[in-house]
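In this document, chain identifiers A, B, C and D correspond to the written order of the chains, with residue numbering beginning at 1 in each.
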Amino acid sequence: MALWLVLTPLCFALAAFATPSERVRPWLLPLAGATQLGLIALELGGHGTGSGQPWLWLDPLGRLVTAYLALLFFLCAAYAPGYLALRSERPNRIFCAVTLVFFGMMNLIAGAQHLGLLWVAVEATTLATGPLLYFNRNPRSIEATWKYLLIGSVGIALALLGTFFVAYSALQAGIATSLLMPDMLANATQLSRPWLHSGFVLALVGYGTKMGLAPMHTWKPDAYGEAPGLVGALLAGGLTSCAFVAILRMFQILGAAGEAEFARGLLLSLGLFSMAVAGAFMVRQGDYKRMLAYSSVEHMGILVLGIAIGGAGTFGALLHMLNNGLTKGVLFLSAGNIHRAYGSKRTDDVTGALRVLPASAAFFLAGFFAITGTPPFGPFVSEFTILSAILHAERYGVAAAFLALLVVIFVGMGGTVLAVVQGEPSEQALATPYRDGWLSVAPIAVLLALVLLLGLWIPEPLSALLTDAARVVEGVH
Amino acid sequence: MIELLDLVLVAVLLQNFLMLGTSRLRAAIQFAGIQGVLVGAALYIAHADAGLRVLALAIATVILKGLVIPSILLRAMRNVSIRREIEPFIGFTTSLILGALATGVSLVFSRSLPLLDEHLEALIVPASFATVLTGFLVLTTRRKAITQVVGYLTLENGIFVFGLTLVEAIPFLVEIGVLLDLFVAVFVMGIIMDHISREFSSLSTEHLTSLRE
Amino acid sequence: MSFVDVAAALLVPALFPPLMLGVITRTKARLSGRRGAPLLQPYFDLARLLRKGIVRSRTTTWVFFAGPVVGLVTAFLAALVVPLGARGSLVEFSGDLIAFAYLLALGRFFTIAAALDTGSAFEGMGAAREAAFSCLAEPAAFFALLVLVKLSGSFSLAEMLGPGLPGLWTLGSPSLGLAAVSLFVVLLAENCRIPFDDPNTHLELTMIHEVMVLDHSGPPLALILYGSAVKLFAYGLLLVRMVTPFELETTAEGVAVSVAGLLLLSILIGVVESVMARLRLLRVPSLLVGAGLLSAFGVMLLVG
Amino acid sequence: MTTALALAAIACLAASGLAAAGARGRGPACADRIGAVLVAAGAGLGALSACLALAGRGDQLVVQTSLPGGALVFGVDALSALFLLPVVAVTLACSIYSLAYFRASDHPREAGRLRIAYGLTSAGLLLVLVARHGLVFLAGWELMAIAAFFAVTAEDRDPDVREAGFLYLVCTRASTLCLLALFALFWIATGSLELVAAPLGRIPLSLQSAIFALALAGFGLKAGLVPLHIWLPPAHAAAPTHVSALLSGVLIKAGIYGLVRVVSLLPEAPLWWGESMLGVGILSAVLGVAFALAQHDVKRLLAYHSIENIGIIAIGLGLALVARSLSRPEIAVLALAGALLHVVNHALFKSLLFLAAGAVVQATGIRSVDSLGGVAKAMPVTAFCFLAGAVAIVGLPPLNGFISEFLIYTGLLRSVAFETGRAWLLAVLAVPALSLTGGLALACFAKVVGAVFLGEPRSATARAAREAPAAMLGAMGALAGLCAAIGLVPSLIVPALTAACATVLSLPADVIRAPVAALSLLNLGVLALCALVGVALGLRLLRGPRGAAGTWDCGYAAPGRRMQYSASSFGELLVRAFEFALRPRVDAPRLAAVFPGPASFHSDVPDLMLDRVVSPASRALARGLNHLRALQQGSIHAYLLYVWIALVALLVATGASG
């Protein structure tokens, strides 16, 4: 089944590449998303044709992530046709095909049970997203793409070295190494510590670069700032989560080796540092898309923080992965609409959006409140869970820092968001031809509804899946 | 066998120094290419007994790293009429000194790690670390986009060298996947470089600083 | 309380207060070597004013007349709170000392409002001073009352100043003494006597209470004069009761002692007014704060 | 049943704005009416459920979910009911007021949004009151807070409004985060998020104290206890008046409710809890009124008075806590009853004052006290309502403020008489502090009444004022009537009080009956006597000879309007007395020459915390963070370097290298 989850998007990619019509092609994206959702439904329904290959199959974590990716992708894809219709001046053949490839590779990451394969998939996503960032074809987007590619590739290269180190740790312990997760977990206790430790550090830095943990986050503001809102949503919601999964795989091995504490120390410091950096750069941030990028950095920090605390924190982190991704979808898509209407990302030019684009601006505002952990939205529940986990672990200093940083971030983000939505719009802003349409608003509404739903009620199967995934990460059976 | 392997690895290290020393882009690219050929060869030498699979891998490596990628880079270079790396952030002599320093550090570092006996005296691990560090040095000190790609290649070569120790561990498909990724990466970078040169009529990253806080 | 008590408790505060004013003026006259007006002069003034017509400023509203009315009523009710003798008072309940203070505050509020209603700069000035000084006088008064509360362990003036009073003096005479002194200062301030204010000066810039009622005439003015007399009576009675800790059984005794004490107090006030000069306005706060500190010190003596 | 009614009320309130928005098609007036009707329905239901709960019919409603912390529980008990009553009353009054004050026809864009925000605010407020589960509480809390933010920034075209709104938003978020930690700790301590009293001796005292500290910070921020009051004055000045009334009247009381609720959940309180709250209360009361005295803007002035009254309430609560820790039931009951009654009273008279002030502002377009005057002639009813509110808020007989302050006083007096040690000392300090507060409040409101309503108009617009429309007068009249009712017949509210005190302290609370009965007699006496003398004087006025003239200005021939004693000069003596705390900013002209040219004098009093501490600090912080931007100037080389620095740092830090 996992294989199908990877192959389906690739087939659609081929189809998209083959499709001649610029107007028909975009509709392949939601179609692929829908198909994927169907497959996932089968999988979750237990009709999944078990693990065909030893190095590509879905454990609970994989199932969780693939399901979430399918949902997110479907909604973003539903936004795509409307968007691409507006950008009819740009050919979208490459865009559609590559987006689908990117999607397939993300599924590959989720399903990969072999560290090498995992790495290949992650690198593949890096390369696939390059053209997406470059969609706008202007100097700024070139620059962003270049930085993204180079920094990403270098980071990933380090991750490869880390993977090799882990492999060598097995080799050195005299185990027949296969880099297959089950084997690694089984023999973890015998792995040679120095290699394992440095391997984890390398992988953490490498995949952390993809995930956008400070100080490896520098590509993020540029990339998210220049990419179309749609791509931003897929990156911030999907790719970062996949990189997170990659880190979790490494963490699993260390946990199995009884080195969880070692890993947690690193994760804790990186997490808090990321939140701090994000807060520092969000204050008085004059560019609302860059601001979203820093918000993404912040939430990556929260994710690893949750893992670092462990226990309920792991559950909270996984839940937060979903909440953050969906909310980021709301934010990036609505920000994209606002960007369309105003043609600027600077808060100096963009004011009074509520009066120009009532719907999009309202969603942007709602997304802001959601992402900053306002009840009754989903992120509130997950952040609350993480916080109580921190307090339960009696890490009061960490809790205080966590809350203080949340205030700083709220100030920074709120300042920018309110500057955008409130106040008096400029003349040419009111004169803009762009208006909220169904295609550009409905997906956002659905995403927001999902975020709200996750805050009010976590369906039984989902919480079960989350619990299992958390078990997998924690390594308890 | 070990002696021959070490010989090759020494050649690899040599390429590092040449790369750090040269100011001419074409030369840098060629050194990277030669290094690619060398690591391909090293792969076969290290595991001659492993049979066809390794051979195929080695050949693929040599073709990709030795021929394809350099040609991509040379093409990109031809588009813009630049020949040499103007004044890097760190002078060439300094780079050389740092390179030497890096090599020393990696020797020490690799000694400090618990190695298998067959790797203890072999140069594999130190050479790989040294090459990785060299790649990093090039990446962070050279101004031209193209040189940075060369640095990235060197980095990859270094990691590849480390991979020599665990060819058994890594399935063939993954190895191929790694190579494929590398190829696509350089390919995409090449495209982007084309656009950079078209937009800015130069390949200097100095122009790529408009996105800032 | 018997019928006699009620009658006394009602009649004394109703009839006696103007006499105190008479005594004060007579004392001052004598000390300055004049014969002075008859003791009952205040009653005559009131009668004449009540007969006079009313002239009101066109600026004013009903508030202008509410001032005198409320002022008088509150002062009278406050007077009813203080016991004449050991036989309790007419308005008596746990915590009535707070009612005492807040009734007078109500009167003050409306007097000030009435003054501001005329829109005259001078009356505004007086109103501002009244408001400011009473802010400082009230805490002092409360500290003084806290001494009684702490000593007696009861919360109504009638009980504090009731039969148990002599016992209190044996218990904490120093505190009571300090409290009495500061209460006397508060009395002078609240009733606008020298050294805080000069009731019969005519330099409006320096006046407090008198300048607030410049525009009142006829019956309203009568109410004001009467009201201020009653207010003086209420404070005076409180002070006198505090410092006359005798065993008083019958109503007659109580009335007699109270009246005698009040007459003495009036003479004392007269003496003070004739031997002291009026303070500079900027000095007034420090004097009040000083009084407050005195009684505060008195409370602190009872610590524990 | 009871709880279901409350939830229905919440639904009505939440729906009010949205339904009105739906009916916009039928014209603005119709939308207004629909909104008001739904609010009225919600208020009615809420009042009904409160009455049921007070009649001992309180119940709970449980909803199963998979959210952390167990099933969601809703419930209405006497405490919730006591807070429900003023909330619904004020919500209804303000929404009726807004029919005339904020017509949809006058504010086409804002009115709809504001009505939605208004409905949601009150709905969230009710949700907070009926929540018996941490997450529900937080949800209601945040709904209220954020809806209130939109209500405050209804006129967001004005940058000042945006700034004030943002300050409020940040403060309320900070308080929410405190509560987040609070409930997390509570969850850890009790193993459930259901808000039921913690079993004695189960929770370690340190944890309880942490919970209390968080409650004091989080709820204090919302309630506006000094020094956490920074958001209050600007927000109240920025909001539309009926929103200010709602904020000041009931929204900040949510903080008090939270405090009471939390301390009722933690029965074993160490002494310092009550003492700290008592101290904060004294500070807030005195500073609040002192700052109020120095304000020119009537709405800011009223906002500072809210701080003062919250301080008085905190004094009562603190005393109750102290007494509970020392197991002095009667003192605890008196103080708590006083505090709770003051919550109700303040809700009534403060919203009354805001509404009256808003009517004046709307009629004259002036907010500065110094340029008003003589409005009473044009707006007699409004003037009367404001006067009533003033008497009530100063705590004078015969109105309701007197009763609640009296109860707190008696509690304090008892502890003066019976306690020893620190508790005694605090009580001894609290009594004069309270009386000083009263005196200052008296001065302040005498100033406002005099400067705004009495005397001569100081400006043309003030002279052109017209009486407010019926809807506004009706709302004010109703509130004034409630103030009078509680003042004259307090026995109406006593059962509710006793029930609430019983739920909080689990003690019989009949101690308050006797004094309250006495007070009601006294108040009636005051009113009767005043009426008597007043009628007598009135008759005399009608019968006897009378005349009218200009004000006697001590012989000065041509007294001008601007020669009246201005509000600032009225307060000046006291402001100078409190200079050490107020730090007024004065720019006075230096008159040098013999015939000096025209000069102007201006003085204002910036807020102690906001303008002297918080704003400078945050500006400095922002500047500091700005320097970090230098690290991200677009050089890809630097970025790559960061990656490697991180790598090396982690390797070294973990010592993994060897």
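Everything below uses one rule, namely that a residue touches a chain if its C-beta (ideal position, glycine included) is under 8 Å from a C-beta of that chain, and two chains touch if they have at least 3 such contacts.
For clarity, every value in this text was computed on a predicted model and none was experimentally measured.
Undergrad: Among all the other chains, which ones are in touch with both chain A and chain B?
TA: Per touch definition, common to chain A and chain B: D.
Undergrad: Going by the contact rule set out at the top, which chains touch both chain A and chain D?
TA: B
Undergrad: Report the most central chain, judged by the distance from each chain's C-alpha mean to the global C-alpha mean.
TA: Chain nearest the centroid of all protein C-alpha atoms: D.
Undergrad: For this structure, which two chains have more C-beta pairs in contact than any other pair?
TA: Highest contact count belongs to chains C-D.
Undergrad: Select the chain at the greatest separation from chain A, using centres from the mean of Cα atoms.
TA: Between chain A and every other chain, the largest centroid distance is to C.
Undergrad: With chain centres defined as C-alpha means, what is the inter-centre distance between chain A and chain C in Å?
TA: Those two chain centres are 78 Å apart.
Undergrad: Which integer distance in Å separates the CA centroid of chain C from that of chain D?
TA: That pair's centroid distance is 36 Å.
Undergrad: Which integer distance in Å separates the CA centroid of chain B from that of chain C?
TA: Once rounded, the distance between the two centres reads 100 Å.
Undergrad: Averaging over Cα atoms per chain, report the distance between chain B and chain D in Å.
TA: Going by mean C-alpha positions, chain B sits 69 Å from chain D.
Undergrad: For chain A, jot down the residues that touch at least 2 other chains.
TA: 143, 146-147, 150, 154, 194, 198, 221-222, 281
Undergrad: Two or more other chains in contact with one residue: find those residues in chain D.
TA: Each of 629, 632, 634, 636, 640, 657-658 in chain D touches at least two other chains.
Undergrad: Let me make sure I understand the interfaces: which chain pairs count as touching?
TA: Every touching chain pair, ordered by label, is A-B, A-D, B-D, C-D.
Undergrad: Could you pull out which chain D residues touch chain C in their complex?
TA: Touch list, chain D to chain C: 373-374, 376-377, 380, 383, 387, 390-391, 394-397, 402, 406, 409-410, 413-414, 416-418, 420-421, 424-425, 428, 431-433, 435-436, 438-440, 442-443, 445-447, 449-451, 454-456, 514-515, 518-519, 522, 525-526, 529-530, 533-534, 537-538, 540-541, 544-554, 559, 561, 563-565, 569-574, 577.
Undergrad: Over in the complex, which chain B residues touch chain A? Could you list them?
TA: Contacts found on chain B: 113-116, 132, 136, 139, 145, 148, 152, 155-156, 159, 162-163, 165-166, 168-171, 173-174, 177-178, 180-181, 184-185, 188-189, 192, 195-196, 199-200, 205, 207-211, 213.
Undergrad: Write out the stretch or stretches of chain C touching chain D in their complex.
TA: Those residues of chain C that touch chain D are 53-61, 63, 65-66, 68-70, 72-74, 76-77, 91, 93-96, 98-99, 101-103, 105-106, 108-109, 112-113, 115-125, 127-129, 131-132, 134-136, 138-139, 141-143, 146, 149-150, 153-155, 204, 214-215, 218-220, 223, 285, 292, 296, 299, 303-304.
Undergrad: Can you tell me which positions in chain A touch chain B when the two form their complex?
TA: 55, 114, 116-117, 119-120, 123-124, 126-127, 130-131, 134, 137, 139-140, 142-147, 149-150, 153-154, 157, 160-161, 164, 167-168, 170-172, 177-179, 192, 194-195, 198, 221-222, 225-226, 281, 290
Undergrad: Note which residues of chain D are touching chain A in the complex, please.
TA: Touch residues, chain D against chain A: 65-68, 109, 135, 138-139, 141-143, 146, 153, 156-157, 159, 162, 165-166, 169-170, 173-174, 176-178, 180-181, 183-185, 187-188, 618, 621-622, 625-626, 628-629, 632, 634, 636, 638-640, 642-643, 645-647, 650-651, 653-654, 656-658.
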